[in-house]
Amino acid sequence: MSDNSKIKLRWLNPISIPSCDEPMGQMIKDVANPDTSIEVVSLNSLIKMDNLEYRYYESLVWGEISRIAYDSDNNNIDAMVIGCFYDPALEDCREICKNTIVVAPCQASMQVAANIANKFSVIVGQEKWIEQMTERAHRYGFANYLSSMRSINIAANALQCDPEYTIQRIIEEGRKAVEEDKAEALILGCTCNFGLYKTVQEALGVPVIDPLLAAVKSAEHLAGMKNQFGLKPSNKWSSEAPPEIEMQKLGLDIYPVPIGNKVSY
Amino acid sequence: MSDNSKIKLRWLNPISIPSCDEPMGQMIKDVANPDTSIEVVSLNSLIKMDNLEYRYYESLVWGEISRIAYDSDNNNIDAMVIGCFYDPALEDCREICKNTIVVAPCQASMQVAANIANKFSVIVGQEKWIEQMTERAHRYGFANYLSSMRSINIAANALQCDPEYTIQRIIEEGRKAVEEDKAEALILGCTCNFGLYKTVQEALGVPVIDPLLAAVKSAEHLAGMKNQFGLKPSNKWSSEAPPEIEMQKLGLDIYPVPIGNKVSY
Amino acid sequence: MSDNSKIKLRWLNPISIPSCDEPMGQMIKDVANPDTSIEVVSLNSLIKMDNLEYRYYESLVWGEISRIAYDSDNNNIDAMVIGCFYDPALEDCREICKNTIVVAPCQASMQVAANIANKFSVIVGQEKWIEQMTERAHRYGFANYLSSMRSINIAANALQCDPEYTIQRIIEEGRKAVEEDKAEALILGCTCNFGLYKTVQEALGVPVIDPLLAAVKSAEHLAGMKNQFGLKPSNKWSSEAPPEIEMQKLGLDIYPVPIGNKVSY
Amino acid sequence: MSDNSKIKLRWLNPISIPSCDEPMGQMIKDVANPDTSIEVVSLNSLIKMDNLEYRYYESLVWGEISRIAYDSDNNNIDAMVIGCFYDPALEDCREICKNTIVVAPCQASMQVAANIANKFSVIVGQEKWIEQMTERAHRYGFANYLSSMRSINIAANALQCDPEYTIQRIIEEGRKAVEEDKAEALILGCTCNFGLYKTVQEALGVPVIDPLLAAVKSAEHLAGMKNQFGLKPSNKWSSEAPPEIEMQKLGLDIYPVPIGNKVSY
Amino acid sequence: MSDNSKIKLRWLNPISIPSCDEPMGQMIKDVANPDTSIEVVSLNSLIKMDNLEYRYYESLVWGEISRIAYDSDNNNIDAMVIGCFYDPALEDCREICKNTIVVAPCQASMQVAANIANKFSVIVGQEKWIEQMTERAHRYGFANYLSSMRSINIAANALQCDPEYTIQRIIEEGRKAVEEDKAEALILGCTCNFGLYKTVQEALGVPVIDPLLAAVKSAEHLAGMKNQFGLKPSNKWSSEAPPEIEMQKLGLDIYPVPIGNKVSY
Amino acid sequence: MSDNSKIKLRWLNPISIPSCDEPMGQMIKDVANPDTSIEVVSLNSLIKMDNLEYRYYESLVWGEISRIAYDSDNNNIDAMVIGCFYDPALEDCREICKNTIVVAPCQASMQVAANIANKFSVIVGQEKWIEQMTERAHRYGFANYLSSMRSINIAANALQCDPEYTIQRIIEEGRKAVEEDKAEALILGCTCNFGLYKTVQEALGVPVIDPLLAAVKSAEHLAGMKNQFGLKPSNKWSSEAPPEIEMQKLGLDIYPVPIGNKVSY
């Protein structure tokens, strides 16, 4: 019998507004394995961010994301999810973690999609996002799987304002992705789409991947493998973390962990 | 609370020799989630195969693999694993299945590896395998992740004959993969390597992925997502299965399912 | 003076319906070199297939195709053509053959096209085919040559039912391929299009490649080189065939060759 | 019965030294179809070139090559071969020809190789050639087929000086290509290697492609298809030739065709 | 203080009509660094060319371009620009030059664009050009930067006939490139567009790169680095120039340099 | 006459140790155009960093780099150079800047190299760096230009400790890059190599690019084009900067610019 069920999972909302933490935590709790313990944290940023629509905004929280990864690694977190579909600072977080598996929604969603369809499209919030998310898709190896990225012209912040409208727009653009671009599955390209996939899936008749769900379940999957089989993150070559002693010399340990809010389940 | 724990998983050994079914089944049972029900099946082939070292051998069981996938789809199997690192008939099995998630060890292992290392190598049994497995890696999008494939010059059939020797050879070539080719993680490129990863992992200090474990846990992961979120295999465009009525007209239903042996847990 | 004119060519219709064998054979005879001897064979399948529209259908005859390749190799066939534009089991057939050159219509057509145009499109029967044929084009190295694949929405089986309509549809989609996708040549993406290329070519003013003709003439070309210069299929590394002695031990020789119908010229 | 046997083939040695024309012509005659008429021509260059080892040398005859292609197109030549493994001016010659099929040794050899092996290496004369020939291989789509290019350190001009030595060097580097780089077939990367392939092939046990033979037989193959099926070079988009009337206005017709020597068979 | 301001720059119009030399020279003078000395030369071709719309036309001046590069190298020219957006004979010119930096407008424009935008489109004169210029973009590594190439259907020769109309058409197609193809910057795909970029830039609000300006300023930049830091063109491996002694033996020095017209500033 | 000589250039050392600012500033002054005004700045980081050997370290200064880019954009800096060969936060800085050209050493060096050689190698400090710098090279389109990356096993911090030893090691690995990997030019893969290129260049006889020099001169080149031709950074699609009003609402303007030290020339 396996004991990979005892997993400590941390979901990081890489913004400084705690209002999403509770609803997301509840949603994650609802879908996680019963034995998974869940923490949702958001940032105590020097600079308060309520969205990451721009690379500039991402850059401002980049270091805070990786510092929370480091904190996760030091506090027996089995898996940390970076809660943004840009997967910001993913490679940095993976480098600093020797124990914690770091998962991000874009990579996780595309890995799931590649098991259930030969081609998929991503429905994004804004045209602006496409170049950067395409770079991610290429980086992860999914160039040939990608049918298209299509925008619904709704900002990340606004996706949950009028869910009916958001769903309608996803269905409109999703239908074009399927009929015109020949997508066989869809990925919703923002973690703020939580709760919307099911209606779209029923309307369009193709699998629709909610990146929050893909990330959480992939985190459990990989953390389970780590706990069962010792499959910790590599610490070799480009994956090597800086030496503890050097980090202490640099004084990297004196600052508080930039967690601003935390809810636990 | 999730109910994705009730998963029916079928592992298919795509050969006609049942002797591996029991030990593999035991190993799978040991690592599966407690609520997962497990079947290990092997073929009742027209032509008896005890290895798939050659493309020709694979071709002879190609249709039987896909017919067992079809049978899985009709019998509420949540996930079927094709038990060979060539991932034979994977695309065909995925097309015929509207409900069953089909998983294969090469893709599953590389997806896992891409979460814990930036570069990985595959330790294969024979030089012969490399071109075909490289094609698979490229097909799945892992061209840039691949440091190398290295052969230990042991046939698939012989990997378990003298496990100490096999482990020694994997460590030798694995060390070269890490030191010379700059791999940050290793994948053992044959499901017959089961039980060997741990010693190698300890010896080399990098994550070592056993494809049997990667496939089983990925199957549980994806089947769980299917059961929880309705994420069934796409049935659109290239993923569309043939219509039932046409298959009946062709008489595809009159032959027995080519399962030769079955063990259940 | 060369003696490459004495070529034994076998065309394999990888279905179990012999009705096409005669007309195809006649057409091949009409275009082959006078000294080429021609055999058209179809399958004596366990499961009767009259089309290969689906990967699942292909998988069911996969082993029979490769067994006929093996039979060809043992019976002094100089070149065998796999008569389907998916090029099913091509790599498997090439591996098992030490003497017989194996040719397939998709690769042969694209190689011809790459000599007479910088960009080409493929006119396929159904949308469904595109993902798999695109994979073939990429595998053979023609990604940059491909302008588009366009579907006429006619099943392979029906292409010869109403040739006038088929031609009309090919011209319609072919014109779009030329005018919108900037194709400089067209390939008809199914061997069942035989006899149709000429009208399209005249209508559109670009070269139009009939895959049957491309495959037959390429087979003669390569078989001629084999006979003149000893250019047999490689038997090294991934091209190595299984040892005869192992195949006998496996009992691969006891079953009859799955040829159901044969016409000779 | 086909009449594609009446083919007018022109082999162009793109240098201004006629000494190779006779022996090459004889060799071509020996391997061509009996009904093929053969011309071997070399240049009457403004600047006398006896080798094309450097891009600069190639550039000096670039226009002469394409003018002879134009002359071929106007004089019912069915197929013209550019007799240099750099395939100089190939795209230019193809553009100007509306009737003549233009074939070049590098592309022809690689197309043949891709039918009989999954991986191949090219044995070149000098290190210097490798970057440019690799560019050709990539352009033609053979990046994934290429195991390596290996140099024997003999200039093109000197390959026939001491054929025994040349053969010995080809075998040495060819063996490394097979054993170390895992090539399954070899291509001799210079048309001046004529007559050498057979000994290498016997010594190494893998197919060895003589580019002269590959080019001549591919030229016959493609010219045959042109004559039988009207498969002329595309004249659309990037393949469009300049209008005759414009060429006359430019006065492109007043200069003599730069053929310096011609032998016919 | 640096002395890279003393640069001898030669702009080559690779046609035999001197009428553009003067206006282009004036324009270059206006934008060059004050200490840069400028020569504009055109060809004294065997065959008079007034445009390079076709590959065939390019081929006819290929050798003359490279001979002028050789002359530049022997006459202390710091940088030579090949004045055509096809970048004809660029690799050949670079090989023959040991001192002169050779710059071409397509590569120079794309390098500039890649510093100020993540995606760009090229506005070309004719559909015909697209395949060849795309090949250039791929060769230089800009495949992922390219949003599209769009044609305004005006020949190179006619771009300056009615500049208002040309600008109107560039704005029309440029707007589609930005709005439909998501270009973030535009490149004008012909050196004959000189003087037009500014109006387009103002109209569309994205950076618009004039290839003449990009080439001239890149030439100054690279020539400056050569003069300051000794960064001469590589003469190693594929970049190695033919030995002087061999060129003399071939008699390559007896012909006059094919410069037909020269204006200096 | 051009007035692009008046350029305000800011070099950012993205560490918090000011000791390099003065020597680097002096070196930049020595090579810059006389009219270029120069500022060298380093960080006033929350966390003091003296090297960026690890992704984690980079992440900690990521936001500070982009905030200084924003400050540059608001203070009439014509060009800002990010002084680290990882090119950290390059895309982020480019997005936030509407006026300032942002240049980084890796991209700048490779663009220069691609003008003077067909293949180049990068000599890096540590094995660790290679994966990330290779990602950069691929991102910028230089995959096909790259012969190899080779490590001298010296940390960035230590490159100037014993310059003789550093030079000796660069020559050793550089020679292997040229002789074994067939590089035609070399790039020194760290800005801390300043002052070393010349000895290596003389020893090896191939161009050796100092990334500090490449970045400074490219910055002048691009800033000059901006000033002369209005070629400002694109602000469209993925290049669009966040709206000023939103940034004010987020309070992004209240914190001081994280410049810790500044030297001006």
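A, B, C, D, E and F are the chain letters, set down in written order, and residue numbers restart from 1 in every chain.
By our rule, a contact is a pair of C-beta atoms (placed from the backbone, for glycine too) under 8 Å apart; a residue touches a chain by one contact, two chains touch by 3 or more.
The chain lineup, named per UniProt: A, B, C, D, E, F = Hydantoin racemase.
All values reported here derive from a predicted model rather than from experimental measurement.
Chains making contact with subunit A as well as with subunit D: B, C, E, F.
Copies subunit A and subunit E of the same sequence differ in orientation by 120 degrees, per CA superposition (steps of 5). Note on chain placement: the centre of subunit A and the centre of subunit C lie 46 Å apart, centres being C-alpha means.
Per-chain CA centroids place subunit B at a distance of 31 Å from subunit C. Subunit E and subunit F have CA centres that are 27 Å apart. Across the assembly, subunit A contributes residues 91, 118-119, 127, 130-131, 144, 182, 237-238 that each touch 2 or more other chains. With chains as nodes and touching pairs as edges, the resulting graph is of another kind, matching none of line, ring, star or complete. Counting only pairs that meet the touch rule, the chains in contact are A-B, A-C, A-E, A-F, B-C, B-D, B-F, C-D, C-E, D-E, D-F, E-F.
Residues 1-2, 4-5, 30-34, 91, 94, 101, 103, 107, 111-112, 114-119, 139-145, 178, 182-185, 197-198, 201, 205-207, 209-210, 213-214, 217-218, 220-222, 224-225, 228-239 of subunit C are the ones that touch subunit D when the two sit in their complex. If you check the complex, the residues on subunit F that touch subunit B are 127, 130-131, 138.
Contact residues on subunit C toward subunit B in their complex (touch as defined above): 46-50, 53-63, 65-67, 70, 89, 91-92, 95-96, 127-132, 135, 139, 237-238, 240-242, 250-252, 255.
Interface of subunit E with subunit A (complex): residues 118-119, 144, 182.
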